[in-house]
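What follows is a pair of complexes built around chain A, which joins chain B in one and chain C in the other.
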Partner chain A sequence: MTTRAWNTARALRLVILSIGALVFLAPYVWMLSTATKPREEIFSSSLALIPHQWAAVENFSKAFTRVPMLQLLMNGVIVCTIILVVQILVALPCAYALAKLRFPGARALIAAIMLGLLVPIHATALPIYVALSGAGVLNTYFALAAPFLISVFGVFLFLQFFRAMPDDLINAARLDGMSELGIVLRVIVPNAWPAITAFSIFSVVAHWNDLFWPQIVVTETAMAPPPLGLIFFRAAEAGDDYGALMAATVVVTMPLLVAFLLAQRRFIEGITLTGLKG
Partner chain B sequence: MDSIALPASGRAGASDPAAAARRSETLAGWRLAGPAVALLALLILMPTIAVVTLSLTDFELGYDGIRFVGFDNYIELLGDRTFLISLGNTLTYTLIVTPLSVLIGLGAALLIEAEVRGRALFRTIYFLPVVSLLVAMATVWQYLLHPTIGPVNALLRFIGIAGPNWLGGSDTVLLSLALIGVWQAVGFNMVLFLAGLTAIPRELYAAAEVDRAATAWDRFWLVTWPMLGPTTLFVVTISVINAVKVFETVSTLTQGGPNRASEVLLWTIYQEGFVYLRVGYASAMTVVFLAILMALMMLQYRALDRRVHYT
Partner chain C sequence: MSGLALRGISKAYGDSHILRDVTIEAEPGEFVALVGPSGCGKTTLLRIAAGLDHPDHGSVWLGERDMTAMPPSERDIAMVFQSYALYPHLTAGQNIAVPLAMRDLTVWQRLPGIGSFVPGQRKTRTVIQSRVLETARSLKIDHLLGRKPGQMSGGQRQRVALGRALVRSPAAFLMDEPLSNLDANLRVHTRAEIVELHRLAGVTTLYVTHDQAEALSMADRVAVMMGGRLLQFDTPEGVYRNPQHIEVARFIGSPQINLLTGEVDAAHGVRIGGRLFAEGVEAVPGSAVTVGIRPEALKLGGPGQAGLGASVRRIEFLGSETLVFIELAGSGGALVAKLAPDAATGFGQGQAITIAAASEDVLVFGPQGMRQSVSLPMRKAANG
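Then we have the complex of A and B:
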């Protein structure tokens, strides 16, 4: 291969990658651009990205006042936190027991967990909804978090991780007279941070972005997590007020995007874990 | 919490220290797994059984009385035009999104892998849609694809083409949704392919070069493609599974319209079950949906299995 050929190939490669990158970035660029434009300029349908007249303040203040935006973000944070904390508290000890203890029923339990991996929220949603509705707890954080309090995927992931952990560590702790729960807290957890981090990112991204379940159990704006809040916002107010709508999308998209940009590798690891889940 | 400590040596008074240790290990095991077992039963096992059971009834939320109707719901499904359209649309959507997102994902991975500079930057950009709030980005796409004020059609006008009413026309709506789906899925597939590519031993390429593969094209078919086979199979199955679960964009942008042209499975189930509250009938749809998904996931497990053994 000559240097020249290599250069042509490389140039071509960079051109294709750059064009692709532009297409992928376009929605973000337009989102930011439109969020700063006044109504007339949006409707003049010019391709200009920079507005003649800045309306960013107006658009963003609409986004924060027409819906309780801070409340929506808070709802998202609260629900994601409840889900994540319970998921980890439930999954870690279970995975440890399955990986390192021998007890009757363990194999059946592992089989049940593998089967559980096949059942998505969409399948269990109807009965859980009927139960929550019957109990009169729709429009609560509890209802938003309830179906996700167990993550079979979490158990599965931690199980894989713990199996690879050396037994010596645990045996030593046992000889020191540590209780099994003590072992989980003081030996397993400190060694399982990579798995816990990856799972946390996976869980938060999934539930921050989820629309299906919140749309089922929440009808009040005050209880809505960001995706549902955005839909309420659009329905109530900004059918075609794209400036305000884009400002709102900027606000709800930013938290995860910023987190992603700050910790890309961990994010990519955490999210590609879904590859194991489906 | 000392009660679940495992004795390092036999407890005094126990008839057999080994048996006592086993008993206490059993106890500890079940205590640690207990909450998970309870929630697994309550939130997954029982609801799954319930949805299958409900699918054999005429249960409607808000009405008293529930009657066993056998397979009536399933028979009704066979003649339900909306459901059949929904199945067809989901299939079409999947058939557009899967090949495009897999091929573009593979292409991006190959180009990025080959490029030394800007690798991280490109990877980040292509991955952005995966972590972005899909509902929010769907709203942005709605603006981009707006027939009169949208930049896409403005661009098309610029080069003298009259753009269609993307999300508003029944001919183009599914395609538009699929393109958003592709945009969203490519980064995920790319990352899986990148992982697959790094796992290919360098020596294979060197050997191929010595052997007979002179061009990058030859090397791709001789080394990369066969070595990437298990990854590809895996990416394809997961893409299909994700495409079948399309909901967010439909719910945000088209609500199944216009004229049911974007009616997809989850949206139909959502409408029947949670809007019209025909729980029994929607349960039958759910069972069909679950059966499709399970078949796909079984395929995926096998793909995953092969990938593990392959590398």
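Then we have the complex of A and C:
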């Protein structure tokens, strides 16, 4: 680096960014720290990142033995997979039709999708709960996935992406003898990977971390996804054993953290592609 | 081989009429150019032929088959798009193979992975591969088959697009300004190649262009369109020498045809500003006509010779020819003459000259722009 590159403006920028990074990292670092401390140290008045006495093994083993941790993680994986697969299966053809086919009612449907984006799950939670309860399917994977199987956000994201695809590409495919379904599978999907990846990231992050909906439809630990499992753990087993609770939290956040490190570039691409924050 | 016929095609979006009762019938194996300024409806007409758009009235025929209601995939027509429209995720070879795979493989055989276990798949794939290679060789792109469109130049992409259209020997070819995205040198070169490919394949071709020179040089017949109407459908020589409408005369030819207001007297003499310009013209006597003379048909003479008085405003030397820009005395009308460089040496800027034209080179258009033409038996006899 030349001296010119290290001028004050650059240094100032670096300091501000570092402070920002610290602020956002602090809770996570504190969680890691707490997960390695014995109970007495957590409640002691002195603040220390590094524990005097290591209790990491103890805390993590508690987290794995007192909570069915693998069951929770498995539940999370199953629910997130069901949601993501169905969301994509529905959203891709739907967005293709809205973006590239001309049919009566298309504009009204797009307007409906925009409206759908405005309605939060909290508004519809109660009626959906009543319906699921009436159908007797509470405490199932289906109940956990049902409200999210059709994602208007997914349709909207793909719609924007497909609109930018040239019409001639689709016309060429028609002249080459492809059916509309063939066009979606052979032309649209292979060229829509950036959008599909971005959407997958949003979907998995949102539903892995979701606590609101699982708390409504699940009351059994056997069906609970990770965050709800942690709540059960705190209420029933841990009490004030924050060391074990934090250890469990570390385990639960680990899959997303690893996924992020592996696919860092895709994450960033996804966020810049949609122009939205996660 | 079959001809391609568009009969009585009309198309409107709301109040704007894109096409008005257009009929174009291409003979089997014929190369027909649709030419006109942008917005004249030529691309819409091509899309209707492809089945990508539907006409409000009229029908589309391929030989004896009525294709009006047929989806594009069943028409056995190949199209080359202005943007080339190659599949970005496939290599050049895979792009060219797509139409064959769609036609010759069954749904099960096309499935990735599973497809290779379906009986007959391997054999068909081999046939397709050899056909792709053959097509690529004829276009001299066999070394590019492994590249993706993003790794190719515009000219190379254009060839792959041609290859994708050629590979399945379709019943008809449609081309939508395939050369407009190429640079000037490559365009002239590719123009000749497309004509050659057409001669070899002998497939009926509709070729859309806004470049009149391209249309004249490539096509067997040229359809000149303007404002959604077909103005003239004729051989290149026909639309150039014998335009039936003033707009055709104006659009075809470069530099543009010279147009002057004048009148035709009872003795079939064309007068401009009251002075006799040409005698024995095949035109209906009448006033307020427009007289057209191609730049190369103008004859320049020294002062005192027969014709209209004028002066030289500017001379442009273009190598193989020289353009002389002329201002008419009195009216101030501007004309341009195209001369061989040797013939132009005698003229200089500001010089007073006279202009004249042979009677058969003078085109007379009526007030509505229609060509005014009658046969003059007297002159025929005199010439014969």
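Everything below uses one rule, namely that the second predicted complex is superposed on the first by the 238 of 278 C-alpha atoms of A that agree within 3 Å, B and C clash if a C-alpha of one lies under 4 Å from a C-alpha of the other, contacts with A are read in each partner's own complex, and residues count from 1 in each chain.
In this text, a residue touches a chain if its C-beta (ideal position, glycine included) is under 8 Å from a C-beta of that chain, and two chains touch if they have at least 3 such contacts.
Because the structure is a prediction, the values reported are computed rather than measured.
Engineer: Just checking: does A:Ala263 make contact with chain B only, chain C only, both, or neither of them? Give me first, second, both or neither.
Structural biologist: A:Ala263: touches no partner chain.
Engineer: Pick one for A:Asn191: touches chain B only (first), chain C only (second), both, or neither.
Structural biologist: A:Asn191 contacts chain C only, not chain B.
Engineer: Which chain, chain B or chain C, is in touch with more residues of chain A?
Structural biologist: Of chain B and chain C, more residues of chain A lie in contact with B.
Engineer: Just to be sure I read the superposition right, which of the two partners does A:Gly177 touch: chain B = first, chain C = second, or both, or neither?
Structural biologist: both
Engineer: Considering only the touch criterion stated at the top, classify A:Leu118 as touching first (chain B), second (chain C), both, or neither.
Structural biologist: Once the two structures are laid over each other on A, A:Leu118 reaches chain B alone.
Engineer: Which partner chains sit in contact with A:Asp168 here, chain B, chain C, both or neither? Use first/second/both/neither.
Structural biologist: second
Engineer: Given the touch rule stated above, what does A:Val137 touch, chain B (first), chain C (second), both, or neither?
Structural biologist: neither
Engineer: Same chain A residues contacting chain B and chain C, which ones?
Structural biologist: Touching chain B and chain C on chain A: residues 174-175, 177-179, 182.
Engineer: In their shared complex, at which residues does chain A touch chain C?
Structural biologist: The contact residues of chain A facing chain C are 166, 168-169, 171-179, 182, 187, 190-191.
Engineer: What does chain A use to touch chain B in their complex?
Structural biologist: Residues 9-10, 13-14, 16-17, 20-21, 23-28, 30-31, 34, 42-47, 89-91, 93-94, 96-98, 101-106, 109, 112-113, 116-120, 122-130, 133, 146-147, 149-150, 152, 155, 174-175, 177-182, 184, 205, 208-209, 211-212, 215-216, 226-228, 230-231, 234, 242, 245-246, 248-249, 252-253, 256-257, 260-261, 264, 267-268, 271-272, 274-276, 278.
Engineer: So in the complex, which bits of chain B are touching chain A?
Structural biologist: Contacts found on chain B: 1-2, 4-6, 8, 22, 25-26, 28-33, 35-37, 39-40, 43-48, 50-51, 54, 61, 104, 108, 111-112, 114-115, 118, 120-137, 139-141, 143-144, 148-151, 154-155, 158, 183, 186-188, 191-192, 195, 216, 234, 237-238, 241-242, 245, 247-248, 251-252, 266, 269-270, 273-274, 279, 282-283, 286, 289-290, 293-294, 296-298, 300, 304.
Engineer: Which residues of chain C touch chain A in the complex?
Structural biologist: That would be residues 47, 50-52, 71-73, 75, 77-79, 81-83, 85-89, 98-99, 102-103, 164 of chain C.
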